[in-house]
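Read through the structure below, which is laid out as structure tokens, and then see the notes.
A, B, C and D label the chains in the order they appear, each numbered from 1.
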Amino acid sequence: MRETNRDIGRSLALLTMMERIRAFERQAELAATRDRLVLGAIHLSYGQEAVAAGVMHALRRDDLLLSTHRGHGHTLAKGADPAAMMKELLGRAGGCCGGKGGSMHIADFGVGMLGANGVVAANITIGAGAAHGIRLLGDDRIVVDIFGDGAINRGPFLEGLNWAAVFSLPVLFVCEDNEWSATTRTARMTAGAGAAARARAIGIEAETVDGADVEAVADLAAELVARVRRDRRPAFLHARTWRAGGHTYFDPAAYRDSAEAEARAREGDPIERQRARLAAAGIAAAELDAIRAGAMAEMEAALAAAAAAPFPPAAAAFSDVQDIGSPAGEAY
Amino acid sequence: MRETNRDIGRSLALLTMMERIRAFERQAELAATRDRLVLGAIHLSYGQEAVAAGVMHALRRDDLLLSTHRGHGHTLAKGADPAAMMKELLGRAGGCCGGKGGSMHIADFGVGMLGANGVVAANITIGAGAAHGIRLLGDDRIVVDIFGDGAINRGPFLEGLNWAAVFSLPVLFVCEDNEWSATTRTARMTAGAGAAARARAIGIEAETVDGADVEAVADLAAELVARVRRDRRPAFLHARTWRAGGHTYFDPAAYRDSAEAEARAREGDPIERQRARLAAAGIAAAELDAIRAGAMAEMEAALAAAAAAPFPPAAAAFSDVQDIGSPAGEAY
Amino acid sequence: MARMTYAEAARQAIAEAMRADPRVWCVGEDLGRGGVFGQYRGLAEEFGPERVSDAPISEAAIMGAAFGAAMVGTRPVVEMRFADFALCATDELVNQIAKARFMFGGQSRAPMVIRQPMGMWRSSAAQHSQSLEAWYAHIPGLVVAVPATPQDNYSMMRAAIAADDPVVYLEHKDLWAMEGEVDPAAPFAFGQARHRCQGDDITIVAWSKTANHAEEAAGILAAEGIGAHVIDLRSLWPWDRAAVLESVGRTGRLLVAHEAVQVAGFGAEVVAAVTERAFGALKAPPRRLGAPRTLIPYAPNLEERLRVTPRMIADAAREMLA
Amino acid sequence: MARMTYAEAARQAIAEAMRADPRVWCVGEDLGRGGVFGQYRGLAEEFGPERVSDAPISEAAIMGAAFGAAMVGTRPVVEMRFADFALCATDELVNQIAKARFMFGGQSRAPMVIRQPMGMWRSSAAQHSQSLEAWYAHIPGLVVAVPATPQDNYSMMRAAIAADDPVVYLEHKDLWAMEGEVDPAAPFAFGQARHRCQGDDITIVAWSKTANHAEEAAGILAAEGIGAHVIDLRSLWPWDRAAVLESVGRTGRLLVAHEAVQVAGFGAEVVAAVTERAFGALKAPPRRLGAPRTLIPYAPNLEERLRVTPRMIADAAREMLA
């Protein structure tokens, strides 16, 4: 039964990662709402955890990732340290960007996470370019470039996909389709058959997956990642999911039908689905609960550490701008 | 035989327009090379005249047109005065833009020609917007928005087509596919199945036509224009053609295989094809020659008039900038 | 005369313009739900989704399409959400909208208001905090509006919508909730500064949020017996050079304060233009206060470090009088 | 030491950098055929199409992809063809490239040269003629290079490629064919001006093509017995304020000349910075010469009307000494 054990192991690892993502974001939300320690906007990925967990599971640590404003889950799943991430959200020293970027610019180059982005779709061309760099350097890494359904209406979607296809670059584009663009239903503002059809028209093979099913995401991601790594050309993964909460932590999402929203969130909760699957496979409820409790404890500790961390030193406002003409020397 | 007479009439009109476009551009080229009266770049449409003549034939005078850096033919076919156009190319008073725009910004709002554009693809969103304006105003005009094959790799292609489809706007997009983007073969830099496939993926019906066959262009354009006018939603026309000359008048196009280029230009010459068709339909060679001679004479006169025209008055450098804070009052 | 917020003042100005002129319409992301700062609240309900139009996340198309619609005779109010995102549509704004009328020899017009909420606002970090008014002042064809109060956000929005020119309309995000009296009949013309307070010792020139800080600084200085003449430019092109020259002619001292990066900021233009023309009147070197040439950090303590405050303005003024 | 054109000087600098460092590569439209001004001639033949890469007409992707490739350790030279088209990639340049290192707390670098041929050039009209150096000087994170001679286009291109910062590299289209001696060993550092000629009566500051005009103007003035110290800034950030202050300390007179629109141009920064710091040394009001705030027309006579010429510079200098 080696095969089954390995499968169960993966299933548990995927569940664990999803629980950690959700626990991280719950703590981030509490830091914002209860503790008022977060001033800027943070975008939570409740209900979308399977995409982060499933896709990142397919990557090597030295593979690269670029993400969006809603990037906590991706970053954590790529291997970043939650305490450093939480410090970043609180703008503290020791944050993974030294407290200078915050939630929307979270990055951990040490694990190949080359940054969230505050500009929708901007990471699409940048990620294609990271893959271009890999091609020039000649190694076998690949890039995962994640964006939302709203991003497919911006020019960089076309330009970045065409670029990747023309130059035959090792990049897996992932459209995390939660059906919403802030307060707008994306479908109302999007013509045609959607993300995958657009990718195909630009010559990139595209597959759609149920993003609430972390096993399906992990399977498809593994296949596409292997294909991209082997063939050195782009592929496209369209993950259908649902944004369980508001656009930002302070958005009550009053603009959507709450019955529908709740039903969709309930049916599409990837964590509950995975727990049910594992329970059916014979994993004890206590073990599943322990995973959750462990994740909670880890993230509570991360928040505690972040809240206790000092703010960055004043000089940080002038460092890491540029070498030539640095404001640390001459700022006016 | 009323039907046939009407057909012959249209065929002659299409030939006449193509001859006028070619004669206009020959004179423009002479103005640049022989007379050195044109300083800026001009982009000639030798070999592509059928697209201009065929598409514009389907439009009403009050319909709108937006075009590219290679827009002389479109502008003339929309009904602009060649003498005013030639004056514009020479930067003279009486030019259709007062000598302030030149070849790349040629425009004649009086015949619905809302401007050529020096930025590739920029006219795509602007044209969609003109159609948006028509929708808001509630009249039955339509917009034709022309661009080259190179433009389909810029973001505004995606954003403009999606906009037109989402808002259900009366615009006919025309991709004038001459296979070249300046000195680059467009296919080398373009992934996927091309312009029409991309349009379809954005939910816009698209048809391809042999752009060397002016009758075919005119037929398809008539059908699509009627459809756009009736259904008030966008359509897409992909015209396959061939740039017979260099990118600009001073580009010898040494980078392309001259045998292939010449063969393609010969086979694809829409004027010779139309002459042959009309000859086969019984039109006397003398009549066809007279059309050509008439066009030549008209455009020689246009150039003579332009060369004799004065340069714009110095004050023109400060007019038509803005009402509020006009540099005519305070320029520094 | 009514008391209202800065956001509400512009909202009412738009609503009134839309009632008066069916060609006026608004377009931008999420407008149907009132806009990301609530600054369009209720407009979709009153005017319908065609005239208060949602948009795809397509800044280039929002800008470009609105321009096309303006050329055929409508009068769009374009919402860019954050001034930073307008950089996704710079070609459309700078190469197309600003230039078309001139390039086409006067055949076209672009009567547009391009709203770009700007400035630092509670840890929004480097991609959501910029103040780029100097850029737009440098571009011929554009009018640049930088309102600082509810009254001005009302009057200037009305004037911007009425204008036949493209107006880059920069509201400061930190002012949305600011309250004040609004007189709908108050006169306004672009290029006319507002005299925030009178004084004969020093001229302080500012705009947008920093004009409010300058007024506060004048209060501090007044308590010390120093009279500051605070001029809120309100628009940067055209700008009220005459008012500044008149004031500096009296005070002999010029201090310019703004939130944007100081290097190549619009403060440089004010100092240069005044020095060129009123050199003889100056009793002390003119001075600028702007942000250092660094990026805007997320951490609140660092962000605070980059702000020009009323105290900094008062301190600089005092030094100039010493 | 060899005689060559401005275009050739940069070409050789790139070729040498590419020979020395396999991480250096070039990307832009039509580079394989030598680039639109021939400024990449022969490079594709020597280095192959991967390192001298053609690109689709996708300025946003050219800029964005090159940035991604820079973050993983390559060193791209990005070609924008005309500075005007860089406005199709403003988000990528200003919101991404300039800010990433700071936002990510120093984790990333963007060693990039962003070539933007600028300036008026034989009736290129409003969309192919702009000079926007002031914009980039205003953006923290960017280095701004404005070479005026073959020597500097060689030395500065070498320095720009060697830099770990993003360098906005603005070559003037009217200088491509300018010839001059180039010493590959000549020292250069950003922020060090070139003293074009010495003089004690007036300081003339300029850059790019206008620096050559300023030198010509100094010749006219010298014949009349007026000594002009002409400073070619060469880079606008960092800029050699020390050199300008030293000179104005001697001459007491400052004239700044540039091709860009004068309003909110970088000349304003020079005048403001000098006036703030050397007010006491000034014997006359400082003065700027730039383009009027209008768009660049196609007609040659109108285009000429907007140019700052050697004669205009000499006339202004004479007036300042009168």
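Throughout what follows, a contact is a pair of C-beta atoms (placed from the backbone, for glycine too) under 8 Å apart; a residue touches a chain by one contact, two chains touch by 3 or more.
Predicted, not measured: the structure shown is a model, and the values here were computed from it.
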item: Selected interface, A-D versus B-D, where C-beta contact pairs are more numerous; value: A-D
item: Distance from the mean Cα position of chain D to that of chain B, given in whole angstrom; value: 36
item: Where chain A and chain B are represented by their mean Cα positions, the distance between them in whole Å; value: 46
item: Geometric centre distance via CA averages, chain D-chain C, whole Å; value: 30
item: Intercentroid distance (Cα basis), chain D paired with chain A, Å; value: 40
item: Set of chain D residues in contact with two or more other chains; value: 55-56, 58, 60, 84-85, 88, 91, 95, 102-103, 125-127, 140-141, 237, 263, 293-295, 297-298
item: Residue numbers of chain A (touch at least two other chains); value: 97, 99-101, 105, 117-119, 153-156, 159, 162, 166, 188-190, 321, 325, 327, 330
item: Pairwise touch network: line, ring, star, complete, or other; value: complete
item: Touching residues on chain C, where the partner in the complex is chain A; value: 29-30, 32-33, 36, 54-60, 84-85, 88, 122-128, 262-263, 290, 292-295, 297-302, 305-306
item: Complex contact set, residues of chain C against chain B; value: 23, 25, 50-51, 53, 55-56, 58, 60-61, 63-74, 91-92, 95-96, 100-108, 140-143, 163-166, 190-191, 237-238
item: Of chain B, residues touching chain A in the complex; value: 153-159, 161-162, 165-166, 188-193, 197-198, 200-204
item: Residues on chain C engaged by chain D in the complex (per definition of touch); value: 84-85, 87-88, 90-91, 94-95, 98-99, 102-103, 125-127, 132, 134-135, 137-141, 237, 260-261, 263-269, 271-273, 275-277, 279-280, 282, 284-288, 293-295, 297-298
item: Chain A residues within the chain C interface of the complex; value: 38-41, 88, 91-92, 97, 99-102, 104-105, 117-121, 150-151, 153-155, 181-184, 188-190, 255, 311-312, 314, 316-318, 321, 325, 327, 330-332
